[in-house]
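Just so it is clear, A, B, C and D label the chains in written order, and each chain counts residues from 1 on its own.
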Amino acid sequence: MMDEVVIRELAKPKLDRPIVVEGLPGVGNVGKLAAEHLVDELKAVKFMDIYSRHFPPQVLINDDGIIRLVRNELYYHKAKGKETADIIILTGDYQGLSPDGQYELSWRALDVLDRYNPRRLYTLGGWGIGKMIEAPRVLGAATDPKLVTELKKIGVTFSKGEPGGGIVGASGLLLGLGKIRGIDGACLMGETSGYFVDPKSAEAVLQVLAKALKVKLDFSALQEKAHQIDLITSKLKDAAVPAEPKKENLDYFA
Amino acid sequence: MMDEVVIRELAKPKLDRPIVVEGLPGVGNVGKLAAEHLVDELKAVKFMDIYSRHFPPQVLINDDGIIRLVRNELYYHKAKGKETADIIILTGDYQGLSPDGQYELSWRALDVLDRYNPRRLYTLGGWGIGKMIEAPRVLGAATDPKLVTELKKIGVTFSKGEPGGGIVGASGLLLGLGKIRGIDGACLMGETSGYFVDPKSAEAVLQVLAKALKVKLDFSALQEKAHQIDLITSKLKDAAVPAEPKKENLDYFA
Amino acid sequence: MMDEVVIRELAKPKLDRPIVVEGLPGVGNVGKLAAEHLVDELKAVKFMDIYSRHFPPQVLINDDGIIRLVRNELYYHKAKGKETADIIILTGDYQGLSPDGQYELSWRALDVLDRYNPRRLYTLGGWGIGKMIEAPRVLGAATDPKLVTELKKIGVTFSKGEPGGGIVGASGLLLGLGKIRGIDGACLMGETSGYFVDPKSAEAVLQVLAKALKVKLDFSALQEKAHQIDLITSKLKDAAVPAEPKKENLDYFA
Amino acid sequence: MMDEVVIRELAKPKLDRPIVVEGLPGVGNVGKLAAEHLVDELKAVKFMDIYSRHFPPQVLINDDGIIRLVRNELYYHKAKGKETADIIILTGDYQGLSPDGQYELSWRALDVLDRYNPRRLYTLGGWGIGKMIEAPRVLGAATDPKLVTELKKIGVTFSKGEPGGGIVGASGLLLGLGKIRGIDGACLMGETSGYFVDPKSAEAVLQVLAKALKVKLDFSALQEKAHQIDLITSKLKDAAVPAEPKKENLDYFA
């Protein structure tokens, strides 16, 4: 029988009470965009692949025709220079398909993370507000009042009733299950329309996270992606404008 | 692997063959409203949190920005004064998402309750009748004819064919599984439209239950909630009145 | 953890290689009607209740207000007089809700039946043909050519391509899983419209089965039910006739 | 409890590092048609039946009225003459119903195949392009660049972005799970409209596979099936032509 979660360990890094950052696909793909950007900027090293019966039964094909099974991945980054904490980043292709699978995947990720005695957990996501937004806020929620105070200082908004329905999926469960297992953490949610992948919202989240992690990040790659999305969405907006009769042509009838 | 049900015991109360009361979300939220009111009025003490893969993969956020995983909860109340029985109250955020999960959650709740050798089980719920009702009856169903007789005496209606489809969910399963495990019990169902949360129906259920439990309850908090709901529903009713032509304006045409 | 199937044994009958008959809810409820009629006519004795997480999370309420968990049941009948075989009858409130649950329930039923070393299995069902039918045929399918020959002799129709999609549910699985576990059997399917419960089709099935089991059955109770259904369906048919202008009234205009 | 996968071993062939070919129902039924044709042409011998709770709860009925449970099957063929490798063929009635079941079935198939230390895995499928096609290409994807190079030489197309969403189902999972378990393999996907079963696409796939397997195959049976489908589809096409006014009748008005 295939275990619900199958782990392939690629390396055994020695880490000193790392901070864990999670970003998986979700609203506006904010979490995943942010986590992948963090991996790229920190040149983080992959040390674990996570496969699961709770993911879609699917392989992806890269440009060379090589397949790989869908998965989640763990990367690590050792603190260097003025950085103060080792970092583990959890990202991947999918979240669990079923509620039950979501629980199991988060539980098993915590099993793995527990080995490294993590000092804190940050989960990243988008908070869909149903309209385009210029300057997305970063909303927060945390397992502990101390964390709320800390995060407010670095620009995170804690706002009564936002998000209203709580947090659904891995970003919520890792914190909720982490809390009952004794790991503190917070969720950082970038406001996003929810209609497009949103690198701008991902940047907003990472701007805050960089302060929390005390790392320096270059955002030009994310900003370039945001620019591309802006081009597409503004084209769509133009196309969606109702074809009004052009004034000039109608003037004759005035 | 995460167990299907994860229990966190907060205290180990010594209870003398307690009566168990269950009220979880359902039709009109009658059961949950009633159970929570009972917890508040008795100042019952929480002693157990129940988490489960069968709940939604969700955390809730309180007004201070603090998250907690969705759960069920057990409270206890030691009999005092003229009260004759210790009480355990089971309430919470959700019922199990799947039929299979419903069974497991009820089974495991019975596992826990068995430790306290409960003398009886009352499950609370709403019985949706599809129309607004002024004076909701409390319908009953029980595992044993003796209980039927007892409950009739304190005002519970036992009516052939009501409710028609039996009882679905935790209120049914705890009794059904309890019966095959040797615990007697009854379900008290307050009539409710099923369109709104219904504190009035919850009060009707609790009025009966208070007699069964021999506890005194103040209902003003529930009555205030019922009043709020009445305000909302009467506004909705007004809004739904078809826009009749106003007499004054039409008089000119008379 | 609640086992997928929970069995309550009420008696331990000694049976001599019984023939097993299964009839559970399905198309036209033919199987269940037939099995229950058989239980009634043979005055078969219940010896086992089968509860399961794969059934709906539901209790039923009888006319006295007494609840019971939904279940399947096993009855036995010892051969008497000219009868040649002991009989076990499997019937109940529901089939498993999910495909997976269907397999487990059939597998576990076979586990129980194996204890009695059954000589053969008959599963009963309806074969929906989408139109009303006066004289329903009984279609057959079996695990073994010998059985096909036998059943043809007592009036069962084996017809290429009928039923086209095979047999879905317990009536199929018990035979299919039984076959790989070494138990032979056949399915008897009464033709039925599929729009109503169909006691007439159930009688047709039982007429054949009575020959196979060498038991004498009285069919008046089923025939009375069929009569009641006929009354209802003919009323529905009348109601569905388009309201033609009545000749008499229009004659004045002729 | 019924195991998730129940295996019935019919023979224990001795095979020398066989090549495994999989073809199960899917888009255009290409994989299944190809695998079954291969079984027929090689006169491969069945040695294993695979039953599962993850298949539909269904038995099929053959023309003689004999039922059998739905299943997957393994066949073997020992290399003879100029052939260079023993072959195992996996085909059957269904793929797993749920994502979870798909994983388990592929995992357990790999458990069985591992016993034979297979040298390589070919999975066969259709790639739906939404339109009729005269000369279907065979697209490829593989676990290893060496395989890509090899397959290109025998006519397989590796095309960036085709198929876009990766490969879903058994043909993907066997490769993806096989890869993490150390077995190399490739998927051969015949282009197909996706609207009909497509023996022509199956032939295209097999033409390539025959080269890879170094076997000689006769394709006349597949070509006959393709001819039958062509007749049906061209009739459908004719029927779908909008009823144009016939020229002759309208000439009067010219």
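Operating definition for what follows: a residue touches a chain if its C-beta (ideal position, glycine included) is under 8 Å from a C-beta of that chain, and two chains touch if they have at least 3 such contacts.
If you're wondering where the values come from, they're calculated on a predicted model, not measured in any experiment.
Hopping across touching chains, the smallest step count from chain B to chain C is 1.
Shared numbers divided by all numbers used gives the overlap of an interface; between chain A and chain D this overlap falls below half, so the copies present different residues. Rotation relating chain C to chain D, from a C-alpha superposition: 90°, rounded in steps of 5.
The most distant chain from chain D, with centres taken as the mean of CA atoms, is B. For the pair chain C and chain D, the distance between C-alpha centroids works out to 38 Å. Computed centre separation for the pair chain A/chain B is 38 angstrom, with centres defined by C-alpha atoms.
Distance between chain centres (mean CA atoms), chain B to chain D: 54 Å. Within chain C, not a single residue touches two or more of the remaining chains. By the definition of touch given earlier, these chain pairs are in contact: A-B, A-D, B-C, C-D.
Across the interface of their complex, chain A is touched by residues 1-2, 6, 8, 49, 51-61, 63-70, 97-98, 101 of chain B.
By the touch criterion stated above, chain A contacts chain B in their complex at residues 3-4, 96, 99-100, 102-104, 106-108, 140-145, 148, 158, 160-161, 163, 165-170, 172-173, 175-177, 179-180, 187.
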